[in-house]
Each structure stands twice: as C-alpha cells, then as structure tokens.
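Down below is the structure, laid out as structure tokens.
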Amino acid sequence: MTNPIETRLKDLGLSLPDAPAPAANYVPWVRSGNLLHVSGQIATGPDGLILGKLGQDMDVEAGAAAAQRCALSLLAQVRAACDGDLTRLVRVVKLTGFVNSTGDFTDQPKVINGASDTMVEVLGDAGRHARSAVGAAALPFGVAVEIEGVFEIK
Amino acid sequence: MTNPIETRLKDLGLSLPDAPAPAANYVPWVRSGNLLHVSGQIATGPDGLILGKLGQDMDVEAGAAAAQRCALSLLAQVRAACDGDLTRLVRVVKLTGFVNSTGDFTDQPKVINGASDTMVEVLGDAGRHARSAVGAAALPFGVAVEIEGVFEIK
Amino acid sequence: MTNPIETRLKDLGLSLPDAPAPAANYVPWVRSGNLLHVSGQIATGPDGLILGKLGQDMDVEAGAAAAQRCALSLLAQVRAACDGDLTRLVRVVKLTGFVNSTGDFTDQPKVINGASDTMVEVLGDAGRHARSAVGAAALPFGVAVEIEGVFEIK
C-alpha cells in the first residue's frame, strides 16, 4: 500500500466505512466538471445510526465524534467517485454541517470541528475547506449530525 | 411537440408552473459556466402557498406532495434559464431540501422523496441527484417545504 | 481611489470589516476554477456578535441589519480572495441565509433582504444572486443570522 492517504488513515487509526448507499431516488454523489457534490451523510457508527439532539441528550464531545463519522462517510463517497483512489481528491471545497439542536444550543462550530479536524488530519492542506455550521430543528431518523460536501477532484 | 421531456411531463399528468418570480432583490437563478444555481423554491400549489409544519399539522404524504411542487418550480426555473428548452438540462446535480419540522419529526427523507422521485420520473437518469434533507425550525411564510438546486446545463 | 466598488461602498456610508478569521480547522474561502465558496459568515457588528432569535427577542428590522453585516463580511472575504481588488468579482452566484428563528417566525425573506439589498447597492447587477432563506433552530454563539455564499471571480 503506497497510497499516502490510505496510509495516513491507518496511522490515525481510522478506516472509511463502505460508501453508504442512499435509500431513495437519489445518488451519493454527482460530478460536474471537476466539482463533486456529495449527498448529506448522516452520522453512522459501527453500531448504526448515531441519534441525539445537542442541548438535550448529547454533549459537544459526542456530537464532534458523530461529525467525524460524517466526515469519514463523505471521504468514502469521494473515494468511490474517484474509483478507489483518494489521491485524485484535489481539495475539500466546502462542508455544510447541520447539527440537530435545541433552540438554545450554540456550539455548532465545536461539533462540526469533529469533521473539519478529521479532514485536515487525513488530507493535510487539501483538507482545509470553507464551511458553514448551523442548527437544524430535526434531522433524518433523529441523527445528531448531517454533513454534505463539495469537493474538487481530478 | 417533439421535446421528449415536455411529452414525459404530459404523460405523467404534470405541468410546470410559470417560473415564480422572487419578490426581492435577488433573481431566480444564476448561471456560472455550466452550473446553474436556482433559488430556494417554496411549496406553492394551484391554490397558493402550501403551509404546514411536519410533525404538527401536516403528514408525510402531504409533505411529499408539497416537495413535488417545489421540484416542478425548480424545473420551471431551469426551463426559463434554458430559453424554454429543458433538453439542454444535462443533469440535476444537487438538491437541498428544507422541511418545516417540529423537533421530533424525523421523516425528512420521505418528504423530500416527493421531489427526488419527480425529478427521476420526468428526466430519467439525468434526474438522479446528490441530495440533503434537513429539518428547518421555520420557513418563509410558513410553507411546509423549500428546495434549492444546482443543475448542469449546456 | 479609482476602484468603483470601493467608491460605491464609501458613497453608501459602508465599510468592509477586516475579513474575519475562522476559529477552527477550516478557512474563510476556497477557490475552485472561477467559483469561490465562502464560509458561513455570522452576524458581527462594531461591538461584537449580533445575538438574537427572530420571533423571540429581535425584530425584522434588526434582523435585516444583522444580515447586512453578514453581507459585508462576505464581501470582505471575497476581496481578500481577490487580492484586495473587488473589481475581480464577476457575479454573486448564490447566497444561503440562515435565520435564527422560533418555530412560528416566517419572515426569513425580509431578514435576508438586508444582505440581498446590500449586494445590489454595492455591486449593481453583478450583485443579483440566487438565494435561499430558511429558519435555523439555533446558530453558532446565538447569532441572529449566518450567510454563506458562492461567487464567480476572475
């Protein structure tokens, strides 16, 4: 294995999940030119969906761990879009992070940092991205975090 | 009429609304290169705005019908951007669906399927798109659904 | 000073803030081709963050003023991305405005108009953009408005 990104993942003790398949009439990603739009990835761990609402029944640390899982799912989709070769990923362009939040929870940035930090740990400077982090009234199936992304690939 | 997409719409018993005009200092769509960004389309039926909050006073089926109306409005905008010729639409790249939700409503995907399914029914494979579906605390005028889109056109 | 946009800003009595630096492992903007994705800018005035929730403790007029501040922060980021020369901005492509809202606040468009109007006042036709305005259950630090943007630059 000489692919440096896969090596980096291993060094970090991380592994990408199988690229989750959406359960509807849409697809995990669409490429247009060099831009890859990846569908919102909902927080999923080894034991299934990561449910919770920040400000109610989940703390920031657990939220950030959920966001990391979303980042890994995004990278799994990018890898699939790149025929298995993540070195074709030029740059993470933009992440939009939705945090399942009560009306008075205000630490969305700390939660989404779980994804942002992972992107940079795995990809280095290519992982630095524009970002928004906002509170959602509710998310699919009650997951804690959903993150979508735009990526430049070659 | 030989335009296959218009024929398909007719076969499905669907018709596109007039491309709704925004009521503010913005525009329905902007093209940059081959990418077309279409403004968020709020659910509007023959009788006006489709109001409701999922988990409170609207069920999933009605929400999905509202999402279908958003999809038709999006296609109406794309058609306008393509000088009336929807065959210039190469691909629906990305839809972002906001569902007016209470804090415990978790079926956003089933609601937005009303739009996703319509895109594929009308456009075939070109209608398959990346997607996010999230819960919004509130939406303009109290509508049930708002959907924005990115499209590749030629 | 012959740069017409800077002159226009001055004529309007507006000035761009320093391009705010994000406080995390992400960056204010990423350019890919001619598209510039700018991170969500949270409402910040001369006295610091503009906190509030529409429908609860902030009215539409104050919300629109907060949205204007987001627009100025977005333009500050675009200027930084253009090496200080806003005349390299070809077009504001898309704004997505998140309004910190109670469940029954429905004037998100009027709030985000504070940003849309500013873009057109400052930039003229190049400022006309596609847009979405939605209600967020909560926003970072409790700010009233967060707006992200996509821009075409040369």
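A, B and C are the chain letters, set down in written order, and residue numbers restart from 1 in every chain.
Definition applied: a contact is a pair of C-beta atoms (placed from the backbone, for glycine too) under 8 Å apart; a residue touches a chain by one contact, two chains touch by 3 or more.
This structure is a prediction, so every number in the text was calculated from the model and none was measured.
Undergrad: Determine whether subunit A and subunit C, two copies of the same sequence, contact each other through the same residue numbers or different ones, counting it as same when over half of the numbers at the interface appear on both sides.
TA: Counting shared over all numbers used gives less than one half: different.
Undergrad: Once the Cα atoms of subunit B and subunit C are superposed, what angle does the rotation have, between 0 and 180 degrees and to the nearest 5?
TA: So the copies are related by a turn of 120 degrees.
Undergrad: Can you work out the whole-Å distance between the CA centroids of subunit A and subunit C?
TA: Centres of subunit A and subunit C (C-alpha means) sit 25 Å apart.
Undergrad: Return the residues of subunit B touching two or more other chains; collapse runs of consecutive numbers into ranges.
TA: Answer for subunit B, listing residues that touch two or more other chains: 33, 35, 96, 102-103, 135-137.
Undergrad: Inside the complex, what are the residues of subunit C that reach subunit A?
TA: Per the touch definition, subunit C meets subunit A at residues 22-30, 32-33, 35, 37-40, 53, 96, 98, 102-103, 135-142, 146, 148.
Undergrad: Would you tell me which residues of subunit A are touching subunit C in their complex?
TA: My answer: residues 33-35, 55, 90-96, 101-109, 112-113, 116-117, 119-120, 128-137, 150, 152.
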